[in-house]
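Here the structure comes first, spelled out in structure tokens, and everything after it is commentary.
As written, the chain order gives the labels A, B, C and D, with residue 1 at the start of each chain.
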Amino acid sequence: MIKVGVFGSTGYTGFELIRLLVGHPQVELSFAASKSNPGVSLASIFPGAPEIVLVDPDEVAVEEADVVFLCLPHSTSAPIALTAIKAGARVIDLSADFRLRDVDVYREWYGVTHPTPELLHDAVYGLTEITRNELKDAHLVANPGCYPTSVLLALYPLVRADAVASPVIVDAKSGVSGAGRKPKPANHFVEVANNLKPYNIGRAHRHLPEMEQVLGWWSDAPPKLVFSPHLIPVPRGLLSTIYVTLKQGWNDTKLRELYSDVYQSEPFVQLLPGGEVATLGHVNYSNRCTIGLTLVDGILIQTSAIDNLLKGASGQAVQNMNAMFGIDETVGLM
Amino acid sequence: MIKVGVFGSTGYTGFELIRLLVGHPQVELSFAASKSNPGVSLASIFPGAPEIVLVDPDEVAVEEADVVFLCLPHSTSAPIALTAIKAGARVIDLSADFRLRDVDVYREWYGVTHPTPELLHDAVYGLTEITRNELKDAHLVANPGCYPTSVLLALYPLVRADAVASPVIVDAKSGVSGAGRKPKPANHFVEVANNLKPYNIGRAHRHLPEMEQVLGWWSDAPPKLVFSPHLIPVPRGLLSTIYVTLKQGWNDTKLRELYSDVYQSEPFVQLLPGGEVATLGHVNYSNRCTIGLTLVDGILIQTSAIDNLLKGASGQAVQNMNAMFGIDETVGLM
Amino acid sequence: MIKVGVFGSTGYTGFELIRLLVGHPQVELSFAASKSNPGVSLASIFPGAPEIVLVDPDEVAVEEADVVFLCLPHSTSAPIALTAIKAGARVIDLSADFRLRDVDVYREWYGVTHPTPELLHDAVYGLTEITRNELKDAHLVANPGCYPTSVLLALYPLVRADAVASPVIVDAKSGVSGAGRKPKPANHFVEVANNLKPYNIGRAHRHLPEMEQVLGWWSDAPPKLVFSPHLIPVPRGLLSTIYVTLKQGWNDTKLRELYSDVYQSEPFVQLLPGGEVATLGHVNYSNRCTIGLTLVDGILIQTSAIDNLLKGASGQAVQNMNAMFGIDETVGLM
Amino acid sequence: MIKVGVFGSTGYTGFELIRLLVGHPQVELSFAASKSNPGVSLASIFPGAPEIVLVDPDEVAVEEADVVFLCLPHSTSAPIALTAIKAGARVIDLSADFRLRDVDVYREWYGVTHPTPELLHDAVYGLTEITRNELKDAHLVANPGCYPTSVLLALYPLVRADAVASPVIVDAKSGVSGAGRKPKPANHFVEVANNLKPYNIGRAHRHLPEMEQVLGWWSDAPPKLVFSPHLIPVPRGLLSTIYVTLKQGWNDTKLRELYSDVYQSEPFVQLLPGGEVATLGHVNYSNRCTIGLTLVDGILIQTSAIDNLLKGASGQAVQNMNAMFGIDETVGLM
């Protein structure tokens, strides 16, 4: 049994993660910590949740865990990661703290100096399908952002094949749980219902530098992105509609071969047949990323859907854990 | 033209009221005040709202208004009502401050001592259809609560006819705008969507004493209420399903005659034909109260629907203003 | 392994059932039949569903199944039940065909003559918590309706204890999947969103005779019901608010003891602490029935919530199968 | 008073139109026709609608109307337009029948031969802000499609200024009323809620040739479009996010001047300040088109929002009527 601990248990990703861990046949939950609600049962916060008493994060025995998951705000997460690693635990961090490798970029986008720059060079970016070989021995895993997961899985084959001719346009739509559980005017039911809101469009969202950094790992001449997220009136689910101008010589057959080569044996990537598009219905409550490919006059339109709380956060975190501990990646996931 | 001022312009009822007042052909808006957002345009808070610059409530010239509307929290409202009345303005108060006549009951349910008990005996309860004769000369109108409006209009004919045999059960369902615009966990989109929540059921909601007080005005032996509100995943709309055990001798024909006598010429009360039930669709974006009557084995099931922001708040406030100033009650309303 | 077959795979209950069966560790799916879509993959109808090719119901080998589930319309279901039983399979019927024991009542409410009255006396009503002893040897199980499941589990202890003084009022609210997958004006998104609709209120819904029949099994003087269902804008979930006037002598302590005695070791009945009410959030995507008890001046207000597709249909069907085959009732369920 | 008649009163656009016409101070409704529901009150179909008895379209006196509105399916509409024009009435057609000028393009996209090609050359395309001069004397007005209205108003200044460098990408999102009132699996509440669905993406939607035709009127070298509509879980509202690569020399200031010149005195076009984006909240229940402009590295991202039933259909139809009859365009609209 893998002994796991969770920090930040009362956010949406923390709760979703605990649900998965409790149902995982090879996991034993050592502790679920919460700074805001120590001593309280998780079920009193989330109706229907398991009866697990939350503990004060300052009182947990990190050293008893084989791996800890951090579901904390950025810059809060990194110092706890350091403590946990020193105590001998492996760390899967769901915050943004170890996604960006460049401390200047981190400061520019997150507005603070990186708390633990010494850990950055050891962090593995946990986009499982692409980086699983590095995960086996990883001590620190940066779980990707939700938008980046949907966009990068869709773009990876193209970028590796050097098929992209120009800026890529990503028009993305996300459910409200992606914005966190803290009450704000922007997530008030009355503001969200019957509405649709673009936000941070163009090159203004924190997930943009994360995506461009990773594209830069895959190509010497990575495409620039225009990235426009939209808030949609659903609790969960994320769909990116991605417009890629292809270089000469790409047709439908060649594209399908490319994607099939990369993803055909992936349990959590579903490639749709020609003419079909991904929807939230394909992925809700599943760890799947569903991708549709529509080629129109040299422009490839990709539709890439994930459940933002699963493949976009806690599900991929468990998939990463499975890869780190050498067990089948699908265990405990749907 | 009636010169009007509004206090508390940035809540849901304040905004809805201003929308109505701006479209009212016999109204001139003197000021729209907001303590939280002075100097800001209403349109920057509510996309699509008129471009009206909000003013500091401490800097308005109340004496220039013929009538002021108070869309403020309870106990904040009463002192401003006093100031306005002293300055010569008539007052329509949408808070709870002048609904309850008994200061002890007020303190019990609202947890504070009434700020201006001296005003209570002059306040007219503005359930327009029932109290319009008193409104003509009123200087202070207590606009009824949303639940009471739907329940009292439905029960009035029965209680006046002494037809009720036992405790009345009110199972009420309200949209989320009824809970106000302040962000709270309970109105977070993710908590509300796909959910349905009873709250303050039985005899625990503040609208209970308001309703029982008014029933007591109408009968020497008013029925007691069991009142169970539920939060439903819609932005606006309120439906009360009311179960009344009738005294002997009431049948469908007699009931319909009773209701028809009372309401047939009311522009804002819609009595449904037999076999039909009220839904939110009947009343959304309208000042109407739609009532269905279903008699089953001596138990009358009433379905009574209103738009909580209109007939349940700002619409009825405008209807009250119309009655106070002797103009057709339907002007400026739908 | 239990070999199972499903008829009616493309309705909401059929699909939900197949999802459960595919994840059940002791089940092997022999066939999933669909009259409307033979030869088609389930995944092409429900995005994200498993890739299972649906077969023509006239071409399945019923005799190879240990148990078949019927997710068919009433009166279509019964003849297939007869065929399956003759072929040696046990049957769990999710339609209404074997819920009512009296063929005259069946004809009155369902408008047709019962197709197989000879099977009625052998059918076990599959409200698992109450009838599990009869399920072990049952060849034909009538899976209860969704509303009856939520209401009967809540009322059972009271009725058995002879605690009910008068007609019981059930104000029930259901998500739209309860009305089936066939497109109708009443389930059009635009009609349902932002709306709330009472329907078949009083004594007009087909689940009323089902509930009163079962109450009659439990008591010589069963209470009559007033039953008012409402359609709410959620895909799934069902909450019944139940108003019960108690006989003399019942207080909170005694009530809690009663319910605790009956349900404390039930894995799928969650009794809430005093002061808490059941919500859809307690039960969505779970086979649980969550019950809250609020006693006010001699009237007990029960809030009883289920997921209509799970405990209200396919989940309870699997629970019944588990009971029939002598395995732990919780296997394959959450 | 303008005497108006409506054909196709029971669809969403027909109902919305009648609501507007009934409230229009210079309109007298001569008839509201419905082939499916003659003799029935509109209020029995749409709860809360006015009590207007629908008439059989074969029995109306078209010649008594000054103008008739056709809210009918394509190819059904054209023959009735012909009849009405012969009878001396002016016609505003909300179907697609007179939007495309080329009968071959019409046949290609709508699958039928145009019923009345002789009327095509006289039809005025009723994008009011752009074509109002032609509307004054028009006898036949083709009311634009909902997507084209939002896209063309946003692109008009750019295309006229020859500012567009390459294919324009339109990622559009529409509420469900845009798909009509006929029940279909695709508009079932359970399928739409919690979901987001791209459909007919790329160059496959019927509004594509309509938009490209109009762009061709405005420019000798009009841009090609990539057009990807998405169905979102809201009843009404439409937002187009439009990505335009600009030619050299355009900056934010120059863009704002361009748009301000074209639209500053338009009552129904709202140009947002820099940094703001259009949302459905800006336009719901209004005839407004709200446009946001965000320039990023030479790519202009436009957000253009309308209420699909108002500016995208019935509201613009009334605006067109106002223009045709020489009255203020804003009368009867918000």
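Note that in this section a contact is a pair of C-beta atoms (placed from the backbone, for glycine too) under 8 Å apart; a residue touches a chain by one contact, two chains touch by 3 or more.
Everything quoted here is computed from the prediction, not taken from an experiment.
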| item | value |
| --- | --- |
| Pair with more cross-chain C-beta pairs in contact, given A-B and B-C | B-C |
| Far-end chain from subunit B, centres as C-alpha averages | A |
| Whole-Å gap separating subunit A and subunit C, where each centre is the average of the chain's CA atoms | 37 |
| Centre-of-Cα separation between subunit B and subunit A, whole angstrom | 46 |
| Distance from subunit C to subunit B - Cα centre to Cα centre, in angstrom | 39 |
| Subunit D residues counted as touching two or more neighbouring chains | 191, 193-194, 233-236, 279, 281, 284 |
| Residues of subunit D touching subunit A in the complex | 167, 169, 171, 173, 191, 193-199, 201-203, 224, 226, 228, 230, 232-237, 239, 241, 243, 277-281, 284, 292, 294, 296-297, 299, 301, 303 |
| Partner subunit D, residues of subunit C touching it in the complex | 12, 176-177, 181, 183-185, 187-194, 233-236 |
| Subunit B - residues contacting subunit D, complex | 23, 46-48, 193-194, 279, 281-286, 288, 290, 334 |
